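In what follows, subunit A forms one complex with subunit B and a second complex with subunit C.
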Partner chain A sequence: MSVISLREKEARFGWKLVLPTVILISLLILYPVIYNIYLSFFEVSISDAPNKFVGLKNYSEILKDISFWKSFGITILFTFTTVLGSILLGLGVALLMNREFPGRNIVRALLLLPYVTPLIAIVFAWRYIFLPIDGPLMQFLANFGMNPGNDFVNNPNNAFWVVSVFNIWRNFPFVYLMILSRLQSIPTDYYEAAEIDGASDWQKFLHITLPELYFVIASVALLRGIWNFYKFDEVYLMSKFANTLPVYIYEKAFSGIPEQGVAAAIATILFVIMISLIGLYVKKVLKW
Partner chain B sequence: MVKKKSFIRSFIFWTLIAILVVFITYPFAWMISVSFRYDTDAFEPGIIPERPTLDTYAILLGFKKSVREELSNEQQQLLDLVKSLPEEQQKAVLEQIESQRKKESFPFLRFFRNSLILAGLSALVSLILSIFGAYAFSRIDFKGRGIIQRGVLIVYLFGGTILAVPLYQIFVKIGLTSTGFSSAIALFIIYIVQTIPVSLYMLGNYFRTIPKSIEEAAIIDGSSRMGVITKIIIPLSLPAIITVYIYAFMIAWNEFLFASIFVRPFPEFYTLPLGLNEIFNSEHAIWAKMMAASVVTAVPVVVMFMMMEKYLTGGLTAGGVKE
Partner chain C sequence: MKKLLVLMLAVILVSSVFAKITFWTTEVESNRMQRIRALATIFKAQTGIEVEVVPVEENDLLKQIPIAKNAGTLPDLLEGGIEPILLLGSENFLDEDLATKIIMDFGDVYNGAARMLNNGEGKYYGIPFHAWVQGIWYRKDMFASQDLGDPISWYNIALAAKVLTNPDKGVYGIILPKKADAYAEQVFTEIALANGARPIDEMGNVTFNTPEMIEAFRFYKELGKYSKPGFTTVLDALKGYLNGEAAMIFYSTYIMDDIAVEEVQKGRINKFNPELVKNTGFANKMINVRPSSYGQVVALGITKNANKEEVEKFVKFLMTDKNYVYWVHMAPGGMNPTRKSVAESEAFLDNPVLERYGKEKIAEIVAALDSVERFEFLNGKVITDMSKLSANFVIGKAINYMFANDWTPQQTAMWAQKEAEKVLGK
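Then we have the complex of A and B:
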């Protein structure tokens, strides 16, 4: 009897400890997600007037909107490009950094810089180097025959590439850290055994390193995919002209004449796509 | 033969390292270089400034008054903006804006202070809540623990993009968006929630590495669970706690989306990301100031991060990934 009550007492104590967190997360994350779906069926008023129920009108309007489909395509391309780019670069750098060399500690510290520097600080530096005519990177590229008058950042046709390269540059250190910590835990006897069998470096990489890294890479791809699919600030601050869906939602909801119901509908679509993709991915790639 | 191969190899290796270092540091190098120039010299070619100066930093940090040349230009712009208002209102608005503008044309210190308070306090609250939550997750058996733990992880998947509209509506409804101060409170609450999942996860991982036997001994000696947390767990995991605090601080320090939604109408409450972006988009030819502001914004965070880097063990890295 007393044992049970002691257990119960413990359980109650545990609940008390997590309760504030649970309440906050329910009120400010779970509830809003549901409320967002609810709002997507309304013409949301920005004054005191009540919201007007419009059924599926917001959705049908969006699906007919060409600029939505364009943003959608850009978002998919952006996610794909940045995930692939940051993984390839992160993997390459992790392989480089996986050996001892003089100055390694300095390079290691430098590698963290893109990831830990506050976004707002680094965004201006990037916009500076990409400035047409005067920007140092544009000046430099002019040596290779590129027209320095190109405005990459403010041209909707090119903005996508600047934003993608920026995202890869900023986030590959995260991928590199994850891959490196896995690399360092691969037992060296695997490689020794392979060497005895006469395997080349490439074969060792292909048959030992890569399979060992499969799960880290797949998980990192999932995380980066989710985050980049939603990515707002890095894209918006770098260039407003790289119309990804999060930027599209933001502009619909908070600039000009706000259409928050429409924005909510887009957010809901984004959410549903994300959840299904994650489900599929977890099943097929991670095989959970 | 073997030697030759290894020479080529190490040549390629060092070339790659050099390219990597340039790739990483290129924007930083320019940022620092331009921050030591006058605004008018911002586009002098060459990475070493020809007329290096600390002027911009001095102005930014309030040691020196700036000569405000753009003021008349700006007045013109503002004048255009308020033309649509009735005349009397126009005057009042203009006067107010003007007097404020003259006092501080680049209120960097105010942005800095706002961000420091907001990020500092929300990270602190988030940390305290997470210490208790993470302890419950890692040590106490109770019904629903698994679900809550997984629920917190799922929160990783909900980006701000999806929460922006409903959160804005919620805070409008409860009337927290009407004044600058209440909007800042809204931000404060949002930042706490945004940082809790990471903090919980990282701390939970760390607490599991502390041997249970230490706690059991204390409990046998008559210590309460609360006593165990404050007298054993917290002192033993101090490095992890500091790391988590810095992480949460960084998230709030970086946050732009919600700041731009909630405090945009209230310049007094601008955070660094919002304030700098607004200035950047409203004025021209202030590159040196922008770069100096960037350096000052980045340095505290980068220094803190480098100091805690040695504590970034595998588990912490794995947890510290929320954006």
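Then we have the complex of A and C:
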């Protein structure tokens, strides 16, 4: 019997412990990713006929497709707008909520509602509020001379803005929570020292608060960026006409005559873009 | 020998206990689901075969199929309009032999209804299950007070829409579909056919750019001026008509119980207008350069991987005698049987809604099924490419963009032409 050292034993034991996780991740994440890449080289048949190998045809087709580039642009704009919007709103609210005032705990709890309420419920509420003629918001705006017949949600030209505003509103509590928890751990001595030096509120915010929040904001921006780049449910439920890439992929893969090979190719392209963007961001902004 | 017998008996017993089929239905409303589940329960009690009923939204049907195929959860039987059934049939999803056999076994299925499911080679993609006719439902009282003729010709329809619109009182001449969905295409089909316009001709050419088609878009846009604002859809039209907001709407015969039955109407708009049934007129055709009427056959498609024996039993169970009547009475007037013997039976006509409209009116509606027109059928040929345009909502999108971007009829037609060519890969 060969003798194994303690170190070796521990290493083997460690592997045994992580193995289930590794297997699960391979099955649930790696396999679909690889299968998706494999599919992207095929014309996928939805009936019993076998898939046809087409090489890079799906890729060249997409890269030539104007509607793909349009969707791509919209998705970038959507991600940028919503991440920036939710961070600004979250930051503002967090700064407010960091101050002492009566009833603060109740307000803090209420602020979380958009994030914790089931999506479908708030989507219906929003759609009702925006209803032309009969919707409360439209009736209110009609008092200021706006045409109550405007249908913001279902107008394909407005869909992008409605979805963006909705996404900012729904997700700012997440940003607010993260920032607030960091705000509360900034030592008060810093502010006291700055006060003695005669710093204004704005100067204190700029030179103490913001640098202290830098990494929290940067990490939150990364997370929200990834989530919103791939955001499907909120967008699709609110308006099917927002034309972002995840909706575009879904339409390609599952509507009309499904082109699942093409959809797989789009997903692969997105995956590559996303991985490189994340790598760049982590290196330059988060400075890991 | 005895052992073998016991074993066989056990196998039969076990297989009958576990025999199960999945049935996708587009009748997603809860009261309809209740009836379908009740039928499934009776079927199970009689045969031991369990039927899992899955509701699928009509607009989502074609999206669900590939998802289900990849997941290995395709149904054995599905109910759907002819567009998805033709499309699934042409993509080799459906068991044409079994469908044809069942139609032949019945022997009394209306030719007009079955013709719409013809695969062009003497077989049928699916079994015509029930059918409806679409037209303009209008307030006879509002029309009479302004001395307007029946809304059958384009001229009469546009004039009535204009005269009866009074936004200050919350009344609109019409509620027209403006969203990119199946309803917009249904309404547009009737309008285009009345003008002799078709999206695809007999040779398979895309013909959105013809003068007739542009004219049809022009008429649609004109009606839009007198329609309730917003990108309205089928439910807006129904509710608007029931609560007196609209003088005219395009709707199928499905509206008959909403108009006539108190509890159904209350379920829609929370109040009931007992005069509505008397004050409602129905224009079952439209004329501009030619007359046209529009209808839909809802069919049962049997998938290739189905449990054939069980499915055949279930289809025959659904389409026979009192089970069939129980099914079509879930929407009296809307769902009309496609089997002659049932359509003419006392049991079918014995219904409070159908009685209110009268047997003659019902007979007229059912008979219209033999003359309804569709973009998919031209001179006895099936144009399967049309199903692809429908599945991609090309017409619905064109209408949606026309109103959203204020496109001219020409721009709309050109966009539809390009989009259709793209979808069909031409």
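Here, the second predicted complex is superposed on the first by the 265 of 288 C-alpha atoms of A that agree within 3 Å, B and C clash if a C-alpha of one lies under 4 Å from a C-alpha of the other, contacts with A are read in each partner's own complex, and residues count from 1 in each chain.
Here is the rule we use: a contact is a pair of C-beta atoms (placed from the backbone, for glycine too) under 8 Å apart; a residue touches a chain by one contact, two chains touch by 3 or more.
Just so we're clear, the structure is a prediction, and the values are computed from it rather than from any experiment.
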{"item": "Combined model on subunit A: subunit C and subunit B, fit or clash", "value": "clash"}
{"item": "Greater subunit A contact set [subunit C / subunit B]", "value": "B"}
{"item": "Touching partner for A:L277 - first (subunit B), second (subunit C), both, neither", "value": "neither"}
{"item": "First, second, both or neither for A:Y35, with subunit B first and subunit C second", "value": "first"}
{"item": "First (subunit B), second (subunit C), both or neither touched by A:P156", "value": "second"}
{"item": "Subunit B versus subunit C as contact partner of A:I208, first or second or both or neither", "value": "neither"}
{"item": "Contacts of A:I186 with subunit B and subunit C, given as first, second, both or neither", "value": "neither"}
{"item": "First, second, both or neither for A:F254, with subunit B first and subunit C second", "value": "both"}
{"item": "Subunit B versus subunit C as contact partner of A:P136, first or second or both or neither", "value": "first"}
{"item": "First, second, both or neither for A:A49, with subunit B first and subunit C second", "value": "second"}
{"item": "Region of subunit C that runs into subunit B when the structures are aligned on their shared chain, from 6-14, 24-32, 240-248 or 366-374", "value": "24-32"}
{"item": "Overlap of the subunit B and subunit C footprints on subunit A, listed as residue numbers", "value": "253-254, 260"}
{"item": "Interface residues, subunit A side, partner subunit B - complex", "value": "7, 10-15, 17-18, 20-22, 24-25, 28-33, 35-36, 39, 44, 93, 96, 101, 103, 107, 109-114, 116-122, 124-126, 128-129, 134, 136-137, 139, 169, 174, 177-178, 181, 223, 226-227, 229-233, 236-237, 245-246, 249-250, 253-254, 260, 263-264, 267, 270-271, 274-275, 278"}
{"item": "Subunit A residues within the subunit C interface of the complex", "value": "46-49, 131-133, 147-151, 154-157, 241, 253-258, 260"}
{"item": "Complex contacts: residues of subunit C adjacent to subunit A", "value": "62-67, 69, 87, 91-93, 179-180, 228-231, 304, 388, 391-392, 400-401, 404-405, 423"}
{"item": "Residue ranges of subunit B touching subunit A (in the complex, touch as defined)", "value": "13, 16-17, 20-21, 23-28, 30-31, 34, 42-43, 45, 47, 129-130, 132-133, 135-137, 140-145, 148, 151-152, 155-170, 189-190, 192-193, 196-197, 200, 225, 250, 253-257, 260-261, 272-273, 276-277, 280, 287, 290-291, 293-295, 297-298, 301-302, 305-306, 309, 314, 317-318, 321, 323"}
